[in-house]
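Quick one: the structure is below, and I'll ask about it shortly.
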Amino acid sequence: MTSTESLIDRRQMAYIAAQASDARVNVELETEGMTLNIGPQHPATHGTLRIIARLDGEQVVWAEPSCGYMHRGYEKLTEVRTYPQVTALINRIDWLGSFANEVPFILAAEKLMEIEAPPRAQHIRTILFELSRIANVSLFLGDLGVQLGAVTPVFMAFRDREYVLNLIEAATGGRFHPNFDRIGGLKDDLPAGFVDETRVVMKKLRNFCDEIENLLFGNEIFQSRTRGIGVIPKDIALQYGLSGANLRASGVDWDLRRDQSLPMAWNKVDWKVWTHPDGDSFARCWIRLQEVRESTRIVDQLLDTIPSGPVMAKVPRIIKVPEGEAWVSTENPLGEMGYYVVSKGDLGPFRTKIRSASFNNISVVPWVMKGVYVPDIITILASLYFILGDIDR
Amino acid sequence: MNALLAADLPYWAQSLLRVLGGIVAVLLPAGTIVYVFLFKMMSFMQSRLGPMEAGPYGSLQLVAEVGKWLQKEDITPERADRFIFKIAPLVVLASTFLLVAVVPFGPDAWFTNFEAGVFYMLAVSSVSVLGILIAGWASANKYSLLGGLRAAGQLIAYELPMVLAVIGVIIQAGTMNLQQIVVAQNAGSIFGWDGLGNPYILTQFVGFIIFMIAVQAELTQTPFDMPIAESELVSGYMTEYSGFRFLTFFIAEFATAGVFALIASVLFLGGWGIPFAWFDWSTIDSVDDWMNVVGPLIMVTKMMLLAFIIMWVRFSYPRFREDQLQRFAWKALVPISLVNIMVTAILKVAF
Amino acid sequence: MPKLPGLVKGLGVTLNTLVRTTTKGSNTIQYPHEKEAPPIRARGVIALREDNCTSCMLCARSCPDWCIYIEGHKELAPPRRAGGKPRQVNKLDRFDIDYALCMYCGICVEVCPFDALFWSPEYEYSEPHIADLLHDKNKLGEWMETVPEAPALEAGAEKKGKK
Amino acid sequence: MSSDAPVAEIPGDTLRQRIVDDLRSHLGADLIDSVVKPGDDVWVRVSASAWRETARVLRHEMGFDYFCFLSAIDWMPSPFGKGEDDPTAPPPERDDTIRQGYAGGDTRLQMLARVTSSVLHVGLNIKCDVADADATVDSWIPVYAGANWHERETHEMFGIVFAGHPDLRNMYLPTDFEGHPLRKDFPLLARMVKPWPGIVDVEPLPGGDNDEEGDAE
């Protein structure tokens, strides 16, 4: 094996040893292990993920996720569908931030067709993209509390996320599955009153962030549960393809919204990419909290500058995408979500590779879960933040 | 009341009265706590209304819930240790009933009044550990086992700070009789000023805080609810229980919360009494008879106040990890309470 | 000002919410007694205007879930103008949407060239039996009453005569 | 803790071309073909024998430290179309010539992977032919540990074997599942179990005289 490999090994061993030294008072006390099946039906796996954990007392010797309980075969399904039908389908991958799922696919198709949505459509797309990020991550913030034993935050999250969902519903007609993005633009323009309403909601969301920060993030118990738990160093995070907040929590300054040129409106407003050097569970949660705040800022600024004009470019009524291949990924609520679309000049894609964020994010679990305690399994899973539909696709 | 409980009645009637009184004293606080705090306060803290359909403002929700649980099938897992599995909830509930036996509700309204009341109270409170441990073991479920073991480790770790916190009170009152402790608080004075009596929450504040933390752990309420830990262990030792047996666990949990709140109010808040100086009482014999009616009401008020704090913390905090809890108990609470005892003893001798 | 411990702050947040809910009311509504009005665009149920439908099959063919079933036959209708030939029209025999399969994507409403399909925000049509979720053309026609006017658009939108 | 460092430049085509040249200098003849689409992306095709070496070079010599995804493409056109055929009618004629995409290729199955440089913020799509007979390529795990799950998924979906992979269990499908679902010759059952509702057409006018009269518009 290469030298990097052994370096990683050593670091991992040191990490395990540090966590194990607390528990192993005496080698003679070690007992035969026990295999614990966490899931597929378990409160902590919000979905049907199954974690097989080998325990020594309360300590995890190894743990491995077993997915596939919700595999729907989207990559195969896209091959028999037309482009508009695929848009309706891929809403369901990450069902909490569903509008964000549509965007990279539509952008990939637009890239192949060499058309670009009008500025107004790009603007509204970005607004809805950020709204779905808020809807997604605010639920994470509440759910985090439940995973760690606090019951109240999740209700606050549901309360304030409701406002965002109402906005998305008012604009698109669907709370969870907007299906609003079209090749060449958007299905429709925003309804009247949307802008004013959104401004009010963004204020509420910022207030929600403060509440969660006071209730959860500032809490000493929460900090002792998350700080130093599940540390993922930078090179491991990159190797496993972690993305989004998980990557930035490991100190990698990389945000696809900023670091690539897409026909979207992010580069027109002023916002920050947050990173954290620690790479532990607390860092991941904290980054997400900051990202919700940034998103509200982005939305607020975008609302001021919506250009007027059409929301749909000139596209044929029956969409045939020219032959070619395109890859577009965006910074979705969960991380990098990308579509590799292969077209053969047909009504539908020839092959679509869906690169979902959670699949990569969760693949690091066997590495990170050596030597932690049973409650830490939950902390780490919660902080890595996955949506089951995004793992299994 | 005095006449009622005195020797005028035959022995069987007295016993019957006490048993009935005991049941009321356990179930009534449990029901009140569940409705007021679990259903309503928790909902309000979460911007919702809670149950509203059964009865006015959902006040009969608990009755509906009990009815639901009683209808459910009583499932025993195939590989469970059947006999032990079935009696475990009763053992836990029995501990609650034994606890309430020593709580005084008024100058003459008590179930038993014996000298080593505090000692007895601390002893029987650990019976529930047995019940939880055997429930976890007998369920033949890995989650239950982990939960049961966690519970055992946790409850044992928190018995000690609880005992040590109470020792301060015993030193100050000079008695282990709960009735005498109440009298000592209400008849006492702080540096000669007796307007408030001497509730030990003021002079034994550290002890009170430690006692409340220990109670929180003893009741397995958040932040010490690792034995149940819904997101980790599904429901811990209760996972395999259904129907009536789960109901028993549920009642025991909240009844014990009520009883511990009662005990804390006896030990630290002056129990059923009001400062004796207000009415120029001096000893327990000079207390007027109407205190037997007012006393329990005062007790319940204080209990609700303490239960509010217990529940408030429960709904606000995330939970500790098992090892953090042990560390907290042994490295923080035990030393602090030892220092507290020492200081109390020195002051007691000095003044 | 000294920093408050997070434990105390957390208690403050819950107490604050308790007070707010008590004084200003809760954020929830008691569903069967009071109802929230869904937004105009809400995709609740699909309504069919049977007169406009020419059974062109576009919706059935573009449905990703294959949940629209159409059958029709051709028929002679009286001529539009006096003295003209009788017209041949498509008469709808069957138009079923299986809401147990439908994924509410709205593609059928969009592709319909004759304005025969509309979204209605109505949502209370759950059934005890899954087979009852197959709405036939009569039931779909009844939903037409609940179809609202399209909402006004936000400032800056390009006015279009589209539905 | 937010970054105030200057934002890296958004990669341009010269950078992409440089990457291809750089890779060619490392791999030599093993880099078979490359496509740089202006303003878009880079595709390279390497020989199957250099599959792992490519990853090593990219990660350790060229700084492509971020593993994005690994998968495969089956270039054979589906013999089932979109599953919208009339089961009663004879199957329609379909074009079954295999045409590979960017950077060409000779085989029906092709590996497809993407890695990115977290410093330059530029990505690279890598393809490689997989022989039809024994669909085997080297595993990327020694280079990118994160390839583990992706290779498991590709294995079950395409039947490609990864030499050196420690644990090629099924990721999603049951252990005893037969077939490789993402290969084009694997039918999508959901589209087979019932006929397409779009097959039905409007019944003609009784009498069959619709060609002669009444077509007035």
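Quick notes
A, B, C and D are the chain letters, set down in written order, and residue numbers restart from 1 in every chain.
Throughout what follows, a contact is a pair of C-beta atoms (placed from the backbone, for glycine too) under 8 Å apart; a residue touches a chain by one contact, two chains touch by 3 or more.
In this text, all values refer to a predicted model and were calculated from it rather than measured experimentally.
Between A-B and A-D, more C-beta contact pairs join the chains of A-D.
Greatest Cα centroid separation from subunit D: this falls to B. If each chain is reduced to the centroid of its CA atoms, subunit A and subunit B end up 44 Å from each other.
Centre-to-centre, using mean CA coordinates, subunit B is 64 Å away from subunit D. Put simply, the C-alpha centre of subunit A and that of subunit D have 23 angstrom between them.
Here the spacing of subunit A and subunit C, counted between their Cα centres, is 29 Å. For subunit C, residues that reach two or more other chains under the stated contact definition are 7, 10, 13-14, 17, 27.
Shown for subunit D are the residues that touch two or more other chains, of which there are none.
Subunit B has residues 45-48, 315-317 in contact with two or more other chains. Taken pairwise by the contact criterion, the protein chains fit none of the simple patterns, being neither a path, a ring, a star nor fully connected. Residues 55, 57, 60-61, 63, 66-76, 79, 84-88, 90 of subunit C are the ones that touch subunit D when the two sit in their complex. Taken in their complex, subunit A has these residues touching subunit D: 1-2, 4-5, 8, 67-68, 71, 73, 75-77, 79-81, 111, 235-236, 238-241, 252-254, 258-261, 272-277, 290, 324-327, 329, 336, 338, 340, 342, 344, 348, 351, 353, 355, 359-360, 363-364, 367, 392. Contact residues of subunit B toward subunit A in the complex are 42, 45-48, 142-143, 146, 150, 222-223, 225-226, 229-234, 315-324. Within the complex formed with subunit A, the subunit D residues making contact are 1-3, 5, 7-8, 10, 40-41, 43, 60, 65-69, 71, 73-74, 77-78, 82-83, 99, 101-102, 112, 114, 118, 121, 123, 125, 142, 144-146, 148-150, 157, 170-173, 181-182, 184, 186, 188, 190-191. Contact residues of subunit A toward subunit C in the complex are 81-82, 84-85, 88-89, 120, 152, 156, 159, 162, 166, 169-174, 177, 179, 187-195, 211, 214-223, 306-311.
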